[in-house]
Amino acid sequence: MHIDRIVEKDVLITAVRGRLDSSSSPKLDETLAVIPEGSAAIVLDFAELTYISSAGLRVVLKATKLARSNGLQLVICGLVPQVHEVFDVSGFTALIPIHESRASALAALT
Amino acid sequence: MIIREIDIRLPSRLDQLEPLFEALDFFVSTNAIPPTPAYRLQLAVDEFVANAVEHGYEDGRQGEIGVRVRLDGDVLELTFSDDGAPFDPFHAPPPDLTGSIEERRVGGLGVHLVRTLAASVAYRYEHGRNVVVIRLHLAEPTG
Amino acid sequence: MIIREIDIRLPSRLDQLEPLFEALDFFVSTNAIPPTPAYRLQLAVDEFVANAVEHGYEDGRQGEIGVRVRLDGDVLELTFSDDGAPFDPFHAPPPDLTGSIEERRVGGLGVHLVRTLAASVAYRYEHGRNVVVIRLHLAEPTG
Amino acid sequence: MHIDRIVEKDVLITAVRGRLDSSSSPKLDETLAVIPEGSAAIVLDFAELTYISSAGLRVVLKATKLARSNGLQLVICGLVPQVHEVFDVSGFTALIPIHESRASALAALT
């Protein structure tokens, strides 16, 4: 798994590549625990995420709770079909806004 | 050529997931398993093996986990077994997926995911081992 | 982690030997099978699969060959099966290995090699299939 | 499988690398069918032969018969233990001189 953090205006983008499973998710958990001062919204770009297990979902839910409790919006973009299915089945698609692409996510946030 | 069956044994340690996934990748690519059942196979192995390692041996014992994958026409049959504490993963009610973000409990999704994505699931306790059998469809049933 | 068993099916064609050997190499390296039994495993597969392909389907039918390898403690058990003409490879007497170069027949060594290097061999005809079971020792018996 | 032919004085050396099985042995069979004019002896250097099956043994026996019928000596050198075992079990070590190395094979021939 590889994590990239990009700040675009006041939006914090975290792009994750590869597999998010029990062995890699603690690293993402640490990264997402820190929200830099001045961030207005958070985008999780999962376009290159090939695999997520319940350990990864747990990290996503934690990050979403943290964002909300700080008054920030968190949205997700770019799910491949199999990852999308896992989000559907766990009820996450009803809780977290999912966008097709990073561009549409950023457009929706501004 | 197809690999009809592969039967693996591993000590109950998380560092065994990597060689395990390598062997399953070999099975998947040799048999040209399509992406969706291949994903579900990985997910089931991930959730059940991790659960057995993390919850099955609270007494600190080193256990032995079995993972068997069998290709049977249009069905992929996974059999997990472990000699950890007896535990029926399908006994508990499914988690509550309604409610707001604030109300959602973090965790408790692994078994639910696999159960929902599987064609069938079964549990039995046999010869001192938990045995979980999960069947996946290779092709999405139409209609 | 060990792969206890791998069960393969292949159409009766020689071009299937390459993927078959790839799968067996994976089994051998994952299980750290020592060089001598690994060689004998390859040899047995080579000889029996090639014989089934070359002699078992003289009627031109495309057959289905099974190769199962099982690691059982100190023993490697190979089970070959095919739906070709019934043939017991262990019925014929061993070839004559004495005599001068000029007298030696070219060929007829495959079954002899495997039989000699195996811990045990067995043949049965079952459900319309030839079934050959060969057991190899992982460690050279001492003494 | 890879075949190299080297002529050293009047000795024809054929070095075989890799696997000699039913799919590769026809190529060695072709190579060994031709004995260049003026050869006095033949060495099969199997030091880098990792595997031989009965199909390979068949080719070796054929080549040995051909050499003898032409009045040439044929010797083999450099067998790894597992290949040596196959030669033993098929009775070949009693029929064909086996040497440790190419050097000792050449020394024995002259």
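To keep things simple, chains are lettered A, B, C and D as they appear, and every chain counts its residues starting from 1.
Criterion: a contact is a pair of C-beta atoms (placed from the backbone, for glycine too) under 8 Å apart; a residue touches a chain by one contact, two chains touch by 3 or more.
Source: prediction; values computed, not measured.
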Minimum number of chain-to-chain touching steps separating chain A from chain D: 3
Remotest chain, chain A as reference, centres from CA atoms: D
Geometric centre distance via CA averages, chain C-chain B, whole Å: 33
Distance between the centres, which are taken as Cα means, of chain D and chain B, whole angstrom: 53
Centre-to-centre distance between chain D and chain C (centres being mean Cα positions), rounded to whole Å: 25
Where chain B touches two or more other chains, by residue: none
Residues of chain C touching chain D in the complex: 14, 17-18, 35-36, 39, 42-43, 46-47, 50, 97-98, 100-102, 104, 106-107, 109-110, 112-113, 116-117
Touch list for chain B against partner chain C, complex: 1-11, 16, 19-20, 23, 26, 30
Sites on chain A touched by chain B in the complex: 21-23, 51, 53-55, 57-58, 61-62, 64-65, 68, 81-82, 85-86, 89-91, 94-96
